[in-house]
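In what follows, chain A forms one complex with chain B and a second complex with chain C.
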Partner chain A sequence: MIYQATQAIADRFEEENYKFRISEEENTSRVIAGVTCDNTTIDIHFISSDDDNDVSVRVFRLVRFPEDKLDTILRVVNALNRQFRFARFIVDEDDRSVDIHHDIQSCTQDVGEAAVEMFCRLPNIADDAFPQLMKAIWGN
Partner chain B sequence: MVYQATQTISERFEEASLRYEIHETEHFSLLECTMVTRHTTLVMRFLSSDDSNGVNLRVSRAVRFPQAKRAEVLRLVNALNCEFRFVKFVVNDAEHSVDVLYDFPRSTADAGETAMELIGRVPDIVDEAYPRLMRTIWG
Partner chain C sequence: MVFEPTQTIYDALQEREFKCVIRERDDCSYVETAVNFEALRVEMRFISYDDEHDVAVRVREFATFPEERTDAVLEAVNRINATYRMIKLTVDTARCIVGIHADLPLCEENLAETAVELFRFIPSIGNRVYPGLMRVAWGDGTLDEESFDTKSDEASDEESDEDSDANEDTE
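What follows is the complex of A and B.
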């Protein structure tokens, strides 16, 4: 089923002429919007698992890294978490990837507006973070 | 000066009979509220630097740790960031501490209501994380 926040976000993205698609699974529904930045391309997922306005915003696999870079990446991710507001960078150790998370609060009155704000912010954040992560992975 | 979101949050806290203090400087105003949990005491600071609803929530020094434990704490902080929604745990290297952060989107319609939701969530999150941090630091 498509939860109400997914519909609200989709309606708002239509108004803004953003390209997106809707995906529904057994327990979740999501809006997925792709953005091409200067340094990379990301898909931003707006995921709902109930009819509240509590939406999980996720950018999966911003980068992947080899196992021997784990300690370095943890340090860089912490520095990114200190540097950037709104985004929470996390290291998925099983997947050896860095994801970006943001959670929209359930008390949010206009989830569409909050999603637009994140749609505008996260690509810039991802694009600024990407070179720092790449240097950590591929640099000397 | 006291920015409007600080005022809004304080009014909501008054309604809820929560204890708080307001501090103001030339560039920001903040509302500070102390929460006592099962394992620790945390000071939650809601900072505003303009009249938008873009408020920064900061819990500074949730724990402190010796330099020798930095690598382990960093790994645990990442695990906590994977596990818990809404807030962000960060290692503050200058202070050898773990801080907890949340930033209100500017599109937040009701800063008071959002602050109340965080007053409900953040102490529980920190209280769950605290024993794990302590075991990592002292175990």
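What follows is the complex of A and C.
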């Protein structure tokens, strides 16, 4: 089923003429919007698992890295978490990838507007963070 | 000067009888408050740099650690950040300090409620992860998966109402 926050975000994105698609899973529904940045291309997922407004905003696999770079990536990700507001950078140790997380709070009054704000903020953050991560992975 | 979000959050916390004070700096104003748990004191600031609603919520010194445990703490902090929503832990590697960050969105009209929600949520999560983080920082250095368990989220949120009554006057 499509939860109300998913529908509210989709309606708001329609108004803004953003390109997106809706995906339904067994326990979640999500809006997925792709963005091409200067340095990379990302999909932003706005995931709802109930009819509340607490939406999980996720960018999966911003980068992937080899196992021997784990310690370096943990340090860079921590630096990114200190540098950027709103975005929570996460190292997925099993997948050897870096994700970006943000969460819209349940008591948010206008979940569509909050999603639009994140749709504007996260690509800039991802675009700035991407070179820092790639240098850590591929630099000497 | 005291920015509008600072006054709004202060009023919301006062209305709920949580002790807090307003501080002013040249470039910002903030609400300062503290919550005590058994082995933990969480000092929070709700910082505004203008009249917009994108308030920065910060716990500057949540935990300390010895320098030689930096890598282990970074790994633990990443695990915590992957487990818990709404907040992120950050590590000041130069000062060996772990802090907590959260940010309210610019568009937030329900500022008072979201601030109060974070006021309850942050100490609740802090109290949950603190023992595990301390074991990594000062104990045997092992990551304890149970410390990062989220199954009792609801129960803990309910507890936090009572715990928050123990917040200290920050004046």
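Definition applied: the second predicted complex is superposed on the first by the 140 of 140 C-alpha atoms of A that agree within 3 Å, B and C clash if a C-alpha of one lies under 4 Å from a C-alpha of the other, contacts with A are read in each partner's own complex, and residues count from 1 in each chain.
Please note the rule applied: contacts are C-beta pairs under 8 Å (C-beta built on N, C-alpha and C of every residue); 3 or more make two chains touch, one makes a residue touch a chain.
What you see is a predicted model; the values in this text were computed from it and never measured.
With the two structures aligned on chain A, chain B clashes with chain C.
Looking at the shared chain after the overlay, A:S23 reaches neither chain B nor chain C. In the superposed pair of complexes, A:N39 makes contact with neither chain B nor chain C. 56, 71, 74-75, 77-78, 81-82, 85-86, 88-93, 101, 103-110, 113-114, 116-118 are the residues of chain A that lie in the contact sets of both chain B and chain C, per the superposition on chain A. Every residue of chain B that touches chain A in the complex is listed here, in rising order: 56, 71, 74-75, 77-78, 81-82, 85-86, 88-92, 101, 103, 105-110, 113-114, 116-118. Chain A makes touch with chain B in their complex at residues 56, 71, 74-75, 77-78, 81-82, 85-86, 88-93, 101, 103-110, 113-114, 116-118.
Touching chain A in their complex are the following residues of chain C: 54, 56, 71, 74-75, 77-78, 81-82, 85-86, 88, 90-93, 101, 103, 105-110, 113-114, 117-118. If you check the complex, the residues on chain A that touch chain C are 54, 56, 71, 74-75, 77-78, 81-82, 85-86, 88-93, 101, 103-110, 113-114, 116-118.
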